[in-house]
């Protein structure tokens, strides 16, 4: 069960997310900096809320912070920026 | 044999021309204007790309342009969402993007 | 009885300081308001470049730090994605060429054997450069690292040495006894120590207001574009000459338009994404990226590497460099206050100076001779009169 | 391009709003990254028991066509297949995939709808595993089957509705089941929670038995209903709805080949018995959440209201937000059906028209009333506590507004 892929874009598994929580991550940005969750093409649209609910249930926090939304909100060619 | 998974119901968009296109060099046909991912699925093709990170086969997941799992190179432009890129006659689709350093070297 | 030290701030500087103190047997507690590397250390680029720094105390410090980085992966028993891949400063105009030539001459005097490459040599060294590039510098020993991994590795190594790390603990006040700092207060909890080291980067001034101490650090916002994963393309640190030339010639007269502050910086991470910077802007504590600046960075990058036009940007982020009036960090004891040390204000050099800063602070605390003249870095340089 | 109002999202809310604004004399452009207008309307094809007899058939494509024709007649510019990748205050929208690089507008309406939450389970990254939204779109819009034999995982109104649409289109839906309990499924694996969601879809189910079961659940006899679950399954138009079996794994090496079902207790705890069902597609349903990324980039305050589906822009009853001149409508404000989204589009339009000094076709109060009416007429309620969610938002808005009056910047 532990090797279940949670973040499809970057192939991050439940075991890696739990390891980040053991190291002190308490919100999505902290997990992301430790194992790249949410760094792929969808920027967390698919997995971010699952990770946030997982953090809340495993650390007892009420509900944990998501990563800051920034432009571009979709992958954009450099020539289009 | 390519299994055809077209569904025929009263609600079909009328007037769509049948066109041919290629996927990784394979000659296929689909309806002009339908999303490339739909044309691929109608030809029984579910695997659209290989995940660069996990090396697993990947295909359509969200179907409306949010997850980027159905991305492929379309007519030379890499990482287009095939679930919302309309098919045209002669469109060339390929699983891996050709952005290579050689192209950058010239 | 072991000396007890509290380090406030869990970024590159705080974690390094906690590690080197613990290594000296000091009883260390690191207190961080959010998470390791949740501030500027988690929003910066990856270059450890020497040749872009003008000769002076900061370059001397940086050269010592660069030496420490060579053995750091082994020492911390961690992969830091460290690589001595070299670095180049490009010049696109004659004006930039001349300015950079003057910088290279001064670097060579200071002992850095920086070379000058023709256009063809530059393009052989780094494929994909545009035709209009006039040439570039080259220095073998510029390096790159993953700053996130550095902070996490220092924190874990400090813990292995016995340090305690308290995350999610926001320090609101320094506890004083006369002109002596005796501890800190966070939320409702008081913690006492023989000595407190404040390493909170751009947030350092807020804490020291609690003892009416003015620390001239202000946030200088920088923006970075992150690309999708690419095959190997950029194999060293690449800097655009425009910004360096302006910085060296002091012509960077703080123009009001942040677009003018955009200067290309480019590096490729181990996962294959490009980090494309950068800008400099006094915009307070604002982390939202600005589209016009992203556009200026994009133009600077595609002008120099035309093939990048077909590359997608997945993300932009902004980091707040701790800027000081003279461009030097503020390190060491604070005149007028017993038991208070500062380690902040590294502007854009935080990644490069992280190891040496931690070691320097540990040596001073332990009364050892750091072999470096600390006076250029003391806060007192800004204090005309001692404010007690 | 300069316009009075830019609308991002060409779904029911965006289209309806544009018609009202164009009728009041405003120049309007709608931008949508999808290649055709309609948004979630396109995939909707069902019989609405609450509608008057002659309007029972709800065909999203037809509704879209009528709205689009009306909008074009009124001079609305509809730009599809173009992505709005950023928005900056007062109000510049950055575009990619179009000759026009950006749009400048006096007011901005965000009608970007919702996205689907993920339901991670073993094998979910295999080709052939799709979200329930994708299954709806491919079945009803593109008329291509996602598979010959399909298992639906997740029991909620959308999953039931899509299962029936797939069946009507000739696809063999082998069953609808819960996901097995795991660290990431939470309430989705609870039979009791699934039953209460069944109540929401009760009106939709043409099958009298399920409608009865739904009412039973909705009423005080909930405990009885659950224990009555000695029946192995319920049937929804012949499709087995398993409440005492859960899907533990999706199997296959390159594509979906089968699913493994586990028997579970009333609390969803596996009993040990497993069975394997061969399928070539699985669709996952874990619910929708409002897509607020553009609102955040635009500088809008957002706040967490689980009853509305998660993070939502802080907004007033008139759908204005903390960002001056920026309005929201549709699923971005909270997950509801198309009719509510259309009524909200109208309301947002009325607010915008008034803010730009023109005369709307109705008052804000009438438009607000119309939203409540649409809510009562909606056949599906996606979030059981939607009403509480709306009340909470109104309260948060009042508090934020009071604080703002008190000189503080927008808090939250």
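In this document, chain identifiers A, B, C and D correspond to the written order of the chains, with residue numbering beginning at 1 in each.
Just so it is clear, contacts are C-beta pairs under 8 Å (C-beta built on N, C-alpha and C of every residue); 3 or more make two chains touch, one makes a residue touch a chain.
Predicted, not measured: the structure shown is a model, and the values here were computed from it.
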item	value
Contact-richer chain pair [C-D vs B-C]	B-C
Centre-most chain [mean C-alpha coordinates]	A
Between chain C and chain B, distance of the C-alpha-averaged centres to the nearest whole Å	44
Chain A and chain C: spacing of chain centres that average the CA atoms, whole Å	26
Of all residues in chain D, the ones touching two or more other chains	33, 86, 94, 115, 125, 291, 297
For chain A, residues contacting two or more additional chains	5, 8, 40-41, 45-46, 68, 70-72, 75-77, 81
Where chain C touches two or more other chains, by residue	228, 288, 291, 310-312
Chain contact graph, described as a line, ring, star, complete graph or other shape	complete
Footprint of chain C on chain A - complex, ascending	23-27, 29-30, 33-34, 36, 39-41, 43, 68, 70-72, 75-79, 81
Chain C residues touching chain D - in the complex, by the definition given at the top	288, 290-291
In the complex with chain D, residue positions of chain A that touch it	1, 4-6, 8, 14, 45-47, 49-50, 53-54, 57-58, 63, 66, 68-74, 76-77, 80-81
Partner chain B, residues of chain A touching it in the complex	5, 8-11, 40-42, 45-46, 75, 77
Complex contact set, residues of chain B against chain D	3, 5-9, 11-12, 34-35, 38, 41-42, 46-48, 51, 54, 56-66, 83-86
